[in-house]
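Below: a set of structures, written as structure tokens.
In the two complexes below, chain A is the common chain; its partner is chain B in one and chain C in the other.
Take a look at the complex of A and B:
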């Protein structure tokens, strides 16, 4: 059965990609890409994506560059994005949120937490769409 | 009368001229200051010098013809003088006093230098620890991920392939070995930094030949030493570790039917610049700046699965080179080979 939401997972480590796919596949349509550049092409081709889960450190366009590109683009500026990273320090976390990330998950992660955070951000996005459609 | 080889004298004809010269020159060790001068007297000059953080530590000897009245002597000390000389100057007393202050000044400089060096090494270690902690976490992400998938499989066994289970287990095992390798490299590094403190005469030609022999390069690899490499007084084991690491990388990452590795050097005033050139696979431009980061494998060559080689080698090598004051860098054209350079202080 086709799932309601499409999650684009961008992660350079193939095993972590697999872990994320296995974790999320029962609840979401999962598309995986290896780096920001591939992720960006997938979006630009017009494929449906509801939320992005992206690693920060990757070759060929890292997560920070990806957010910067998304937020600068008229089409994708509101695309929800959750960052994944082994950097746990508050400076990096704050920098990412400041750049426009919707949430931040520290590696190693609990797969349940990833699933829940995706659902939460999606719920928030849906709610804001409703508010925008009915300003009163 | 005070001239020696390692002293330079600056003359100032008035208080304001002196202040200008002091501010322009930051290696002044001692000021001999006349008290009675037109416009600005010596006490005023001393006051101004002591109020500026840049000049407050410079030793001042007041030189004066004013009677030895205690009140003047005390005023001089209260304005920050460290000593007092009476005109006409007694040559021997003056010489002796200046010698004392020169020695003090040199000690102070040495102390300052040691402090700066310690601060630099401390910063480096702080960064090192941060990166180590971060990079030790990376394989854990895979292990915890694999465990979670195994847990899910245990809760819902239907439809789970045995191959898949085995893959999760073998991934965890590999990642654990990888972590263990990293920890071993770190232990080795910390032990070596403690042990390798003796400075000895090192014939680097002999050292390089020995390393090239003991690495047992395969038949298609030819190692050419453009020597004789210099003899230098240094910490042998550290230099050996750096050379060995670079030569073994040059062998390991050579993908040509006929591998050529050139080792040579260039002599500079304070250091020797060694180079190790190979005709191997080269390093992608975007990776050249990051390969010295801890545990960083070249993204260009990295297969997405875990590799057996850790990136510990190059980052420790960087610490080894930098802690003795040198730099390490690489130039490379992808597919044609790389040249690693490092500076070793004489």
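Take a look at the complex of A and C:
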């Protein structure tokens, strides 16, 4: 059965990609890409994506560049993105949120937490769409 | 046709617009990185693409019959790899729908921020090089430690630990004497 939401997972570690796919496949359509460049290309090709889950440290295009790219694009600037990283320091977390990330999950993660954070971010963005559609 | 792999070559843009001032300011803003060819409408753009080597990006003014241009553009398979950025006053644009799907990669308002466009442009240039270089896969490096170095490390640290062990003992004793319990916290709530 086709799932309601498309989650784009961008992560260079194939093991973590596998774990995330396993974790999310029951609730979401999962697409995995191995770096920001491939992920961004997927978006540009006009494939439907509702939320992005992205690593920070990756070859070719890292997570921070990906956020900057999304937020600079008039079409993708509202695309929800959750960062997933081993960087646990608050400086990196704050920098990412300040650049426009919607949430931040530290590795190693609890799979249930990832699932719930995706749901909460989606709930907020969907709610804001409804608000925009009906101004009163 | 020669295969060129020099990443310093300018990024070739076909700019389709009938507003001279906008073309000029676009060129001025991104000058050294890009080489702009401008044409005034969609049909000239199609014939330019037919007669010349492929460009790296098409920037298209949405008021110039975008749908007609897209249909003519899609008719030829070899062109479809060229990404298109629309200049438009549409508030929202759905790239997953026709006629944009798979061709138009982004849409900027006419009064776009140069900084934002610059970020987008840098990425497209990077992407061109990335695609040319082939998708390089990085393998994890494995390093074998020489036996001699390993033995030296273990041997030396063993003797140093042995040498300072009386000191460590004294410190441990002092800590023990100083505090009743080695570790205790009192937490409420």
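Quick notes on this structure:
What we mean here is this: the second predicted complex is superposed on the first by the 136 of 136 C-alpha atoms of A that agree within 3 Å, B and C clash if a C-alpha of one lies under 4 Å from a C-alpha of the other, contacts with A are read in each partner's own complex, and residues count from 1 in each chain.
Here is the rule we use: contacts are C-beta pairs under 8 Å (C-beta built on N, C-alpha and C of every residue); 3 or more make two chains touch, one makes a residue touch a chain.
No experiment lies behind these values; they were computed from the predicted model shown.
Look at A:87: by the touch rule set out above, it reaches chain B but stays clear of chain C. Judged by the touch definition given at the top, the superposed model places A:59 against both chain B and chain C. Of the two partner chains placed by the overlay, only chain C lies in contact with A:76; chain B stays clear of it. In the superposition on chain A, A:15 makes contact with chain B only, not with chain C.
On chain A, the surface touched by chain B in one complex and the surface touched by chain C in the other have residues 59-60 in common. Chain A contributes residues 12-16, 19-20, 22-23, 34, 59-60, 86-88, 107-111 to its touches with chain B in the complex.
Note for the complex: chain B touches chain A at residues 134-135, 137-138, 140-146, 148-149, 152, 171, 286-287, 299-300, 304-306. Note for the complex: chain A touches chain C at residues 37, 40-41, 44-48, 59-61, 65, 68-69, 72-76.
Interface residues of chain C facing chain A in the complex, by the touch rule stated above, are 83, 93, 95-97, 100-109, 112, 115-117, 119-120, 123, 126-127, 130, 136, 138.
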